[in-house]
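For reference, chains read A, B, C and D in written order, and residue numbers begin at 1 within each chain.
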Amino acid sequence: MATRLAETAEHSSPEEFKKHLGKYYVVFVALLCLTAITVGVSYLRLNRPLAITVALIIATVKAGMVAGVFMHLISEKKVIFAVLILTAAFFLLVLLLPSFTTFESSAV
Amino acid sequence: MDETKYGFWFPPDVSVHGRQIDSLINIVHWFMLLLFVGWGAFFVYCLIKYRARPGHTASYLPPKAQFTKVIEVGVIVIEVLLLFGFSTPVWFRYKNHPPTEKDALVVKLVAEQFAWNFQYAGKDGKFGKTAEANISADNPVGLDAEDPDGKDDIITVNQFHVPVNKPVIVQISSKDVIHSFNIPVLRVKQDAVPGARIPIWFQATQAGHFELGCAQLCGLGHYRMRADVLIDTPEDYAKWLAESAPPPAEQPTSAAPENPQSAPQK
Amino acid sequence: MSVHAVHPADAAIPHTVEPHPVTGIPNPKFGIWLFLASEVMLFGALFSSYVLIRTQAPHWPPEGGLSSEILNVPLATLNTAVLITSSITMVLAWASCKMGRIDRFRLWMGCTIGLAFVFLIIKYFEYTDKFHHGHFPAFNNFYAVYFTLTGLHGLHVIGGIIVNTFLLTIGTRLWKTDPEQFTNRVENAGLYWHFVDLVWIFLFPSLYLL
Amino acid sequence: MSASTTHGHAAAAHAHDAGHGHHELPFWRKYIFSVDHKVIGVQYAVSALVFLFFGFCLMMLLRWQLAYPGQPLPVIGKLLSESTMPGGVMAPEFYNQLGAMHGTIMVFMGIVPLAVGGFGNYVVPLQIGAPDMAFPRLNMASYWAFLPGGILMLLGFVAPGGAAQSGWTSYPPLSDIATTGQTIWLLAMVLLITSSLLGSINFIVTIVQLRAKGLTFFRMPFFVHAQFVTSFLLLLAFPPLEAASVMQLMDRLAGTSFFLPSGLVISGEQLHVAGGGSPLLWQHLFWFLAHPEVYVLILPAMGIIAEVIANNTRKPLWGYRLLVYSAIFLGFMSFVVWAHHMFMTGMGTTMSTFFQTTTMIISIPSVVILTCFIMSLYGGAIRFTVPMLFATAFLPMFAIGGLTGLPLGLTASDIYLHDTFYVIGHFHYVVAPGTIFALFAGIYYWYPKVTGKQMNQTLGKIHFWVSFICINGIFMPMFWQGMAGLSRRLYDPTIYAHGRAVQSLNVLISWSAWGLAIAQLPFIWNFFSSLRRPKAAENPWQATTLEWAAPSPPPHGNFVTPPVVYRDPYEYSVPGKAKDFSPQFAAGEA
């Protein structure tokens, strides 16, 4: 019963499936290293905009790995991507538009 | 106050930029009426002509209707015209080309729960520094007593004297909640947001006694947050300035006219 | 032919377990991704408020100094490592189900829950340390943003703990009758858990390091 | 081992009353904590109608003060407590409570649960041929998050200091320093938002995953498309308000100052908070939700109108695909227009131009949808049944609502019209003669499906005509009040000269409002008395959509045999067919 279970996923059999476990460990180590890097970079006291971009790039890479590998987004179906892209668009809207509007306000 | 001039449609317009706003509103309403009557006529025609009655059956095929596309494009064209032909130019000119502080009367306004406190620079043309710390019942704008510029400042509560035919800049702020500086006859409205000082300007074209109201809900006294707007001829304005100027130096606190409002409750 | 041991109403709902022929996913996975989409908007609004308040503030943190001096960065780095580890143990718990090893599942899921508790305990120390110095959320907007964002994230961690504990204890009964549905449930709990880790991955640098 | 094909399983569920193959549910599991989408739909609809009526009564009280400022209310004035109506005369803070709670109750506890919770839950699974919603227990959870939220909101009235009184928009700093009623408002809002969030997940998964065989995306009735777009609005727009409510709760309870700028002086004393917050932040997050929210109010109504118009013109909808694309475009655009509510907060020229442009763009899909509806009348054989009366009245009323949005969307004219009674007239025309008339049409249209009994048509016509006259009597004069410059939310408008000039209109509006209340009596009587009328025909309106394939009222599991869809949703008057309607579920020759 367990073997048939494994077939439903794209991996063929438990042994086959075990080979795929390797990538999770790789991602795990990569995440720890990137965390160390981002903390290390923060000690360099870079100027404000550079520090923000570096930290954001590292965080996005880490997030990409978690989402892509751990959450199997790489092999996910089209309908999930459609929802996520729509959400990403509105996420950016809610993140940036209020600040732009307040920044440009004519308050003296 | 001449009550007869207020009716169902626009109240009198006594500001320079008011004419553009009124014309835009009128044009938009003509466009709306045109659309509504056109739609309405076709709508009623369909209801009558295609009502169910013996011998009349519905037609399965949709009518070949090109004219809806024409109407659609027409609506889009008119909206673009309204937007970039009328609204944005008026708004850009209003926001980006205010009168310079040199030739305009600058008035600082601090709205509070249920009263408007106006601060005029007085003869020296300079405003005294104000700080929230020294706001009290008889010092509503928190004028700094030691500051020499502030000695001749005139503080009025719910009395807004403005010279006619002269640009006026009002720097609007609030000390507690959001209010909204609204003078319908001058076609002026601006939220008074605490923590920010937002300038607006207008130029009155006609002397008279008008009203200023609060347009943003600000608590239980929101409805009675009314002030008198007195657009004076130059002589009257000069006379008022002289009368209400605080007596020179030895009087430290500004002799603001007694605050008619009782201490405003929260 | 074992009928689902699930609620009778569920039995009649197609695609509760087997994927939909067109979309290729079962209902619960689609549902959890939609839930994560709404969570993205929730934390998006909180980050938007953080960005707006911070750009408006004359200087940040209001009392001067650097956020990395006020907040304990080494402890937070450890916390990030704890959460990342709990993510990998979650994946291994799911993988154990895939390989039919319910005992390994219990081990890895237990680790995930344990690490989640470690995360909360570290947060507890961080919070109490600030409270000792009188730095409550009302102290200034830096602490208000810090406590609100990490507090709400903490609540999500607690939510994850509750779901994972259910799966580890009562939930495993489903393994005997319908292992495939149980594996899907573990996977969906995993998706939620990775999302909570993902939020922390953005929260950590923006609050502590910038 | 995998479970038998669930379709076969559902087929076994043909027993009319008992559930399929399992024991009969106890009363409380069948009607109170039920997981059947139909029972939950009725629960949502009935509680929403009760809340709607309560919100309506608040408005009737409020109208007394506006029509006769300062005069004691004859009877009811004595009944209410001294703190709210001292000596029968309404206190200003109670007036603000009535205004704030009227808005909140009608929007979040009246129309959304009726349109999405009630109609959506009941009709969508039936119209796509599904046995139930994708997550029945999540569906139950969403109702049982809604009801406590609704009751908690009403409990605000007994809180010390009364209910929330900072408007349904609760702008800080006023809402931050308000009495405890505001905290209750925030907690109730979090519950209501969670309910809508859970509901929207259920709808999207159901519509995508559980459609019957043959029911492709463009064969779904427009009502299902409208609910699909509405669910995405609920899913993605609500969380930011939940975050803002959490922040305002922190402001009020933990003393933070997210929305409190520094240096506030409240009634004479310094406010001892850290400061540095921004009041406009709340407005951004609130209107980020509230504008998609108003499209959540109108889209299901458009869905109902499409169903009723197609059925009663005996003709396929004109431009069905145009309608679907417009609804989707409307849903997307509703996320980028929100700041046209904030033109007067000192906004710069670039952002105000951006939001003016998006506001003009969003008017296009509404115009297209309305044109499609009116073109659907052309060439039909229009039966003026009661649902059709309401749907016919919806079209011009919604047109007035939409058109009066134009001067408000342009910044220059908004300077004058912002926060006046013109705005009140604008959004009420879209919501009252718009959405509520569509919901009445829906009730009359689907009542035979829900109860198996037809409602009395003459009582329906009386209800329609009196409501139609009174509702226009209420909202049309408001445009003139707005043009005269009368601000909204004023406890006593006669303080201002331009208020006194239009005070006579206030009396007309108030009497129309009380007339509208009387007009609802025949409806309420009709709604309950029709339960005892004889059994109606299986498909009384001779409709083509899938919900009429199931018996009325449908058993648990809905369809006797899972329906198969053969054609488009509105195949009426197909040439060469015996009957003038060919249902989607009927095989080839019907």
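As a convention for this text, a residue touches a chain if its C-beta (ideal position, glycine included) is under 8 Å from a C-beta of that chain, and two chains touch if they have at least 3 such contacts.
The model shown is predicted, which means the values in this text are computed figures rather than measured ones.
No other pair of chains shares as many C-beta contacts as B-D.
For this pair, subunit A with subunit D, the centres built from the Cα atoms lie 37 Å apart. Taking each chain's centre as the average of its CA atoms, subunit A and subunit C sit 14 Å apart. Work out the mean CA point of subunit C and of subunit D, and you get 34 Å between them.
For subunit C, the set of residues touching two or more other chains reads 23, 30, 34, 37, 41, 44-45, 48, 52, 56, 180. Among the residues of subunit B, those touching two or more other chains are numbered 95, 193, 196, 198. In subunit D, the positions touching at least two other chains are 1, 208, 236-237, 240, 275, 277-278, 280-281, 284-285, 288, 345-346, 348.
Chains that are in contact with each other form these pairs: A-B, A-C, A-D, B-D, C-D. Across the complex, subunit A meets subunit B through its residues 105-108.
Within the complex, the subunit D residues that touch subunit B are 91-93, 96, 99, 165-167, 171, 173-174, 177, 261-268, 270-271, 275, 277-280, 313-316, 318-319, 344-346, 348-349, 352-353, 356-357, 360, 363-364, 367-368, 370-371, 374-375, 377-384, 392, 395-396, 399-400, 403-404, 406-407, 410-413, 415-420, 480, 483-485, 487-493, 495-498, 500-502, 505, 572-575, 580. Within the complex formed with subunit C, the residues of subunit A that make contact are 1-3, 5-6, 8-9, 11, 14, 17-18, 21, 24-25, 27-28, 31-32, 35-36, 38-39, 41-42, 51-52, 55-56, 58-59, 62-63, 66-67, 70-71, 77-80, 83-84, 86-88, 90-91, 94-96, 98-99, 102-103. Across the complex, subunit D meets subunit C through its residues 1-4, 6-7, 9-10, 13, 19-20, 22, 35-36, 130-132, 134-138, 197, 200-202, 204-205, 208-210, 235-240, 242-244, 246-247, 250, 254-258, 273-278, 281, 284-285, 288, 556-557. Contact residues of subunit B toward subunit D in the complex are 1, 3, 6-11, 20-22, 24-25, 28-29, 31-32, 35-36, 39-40, 42-43, 46-47, 50-53, 56-63, 65, 68, 71-72, 75-76, 79-80, 82-83, 86-88, 90-92, 94-96, 112-113, 132-133, 135-137, 142, 175-178, 180, 182, 184, 187-191, 193-196, 198, 211, 213-224, 226, 263-266.
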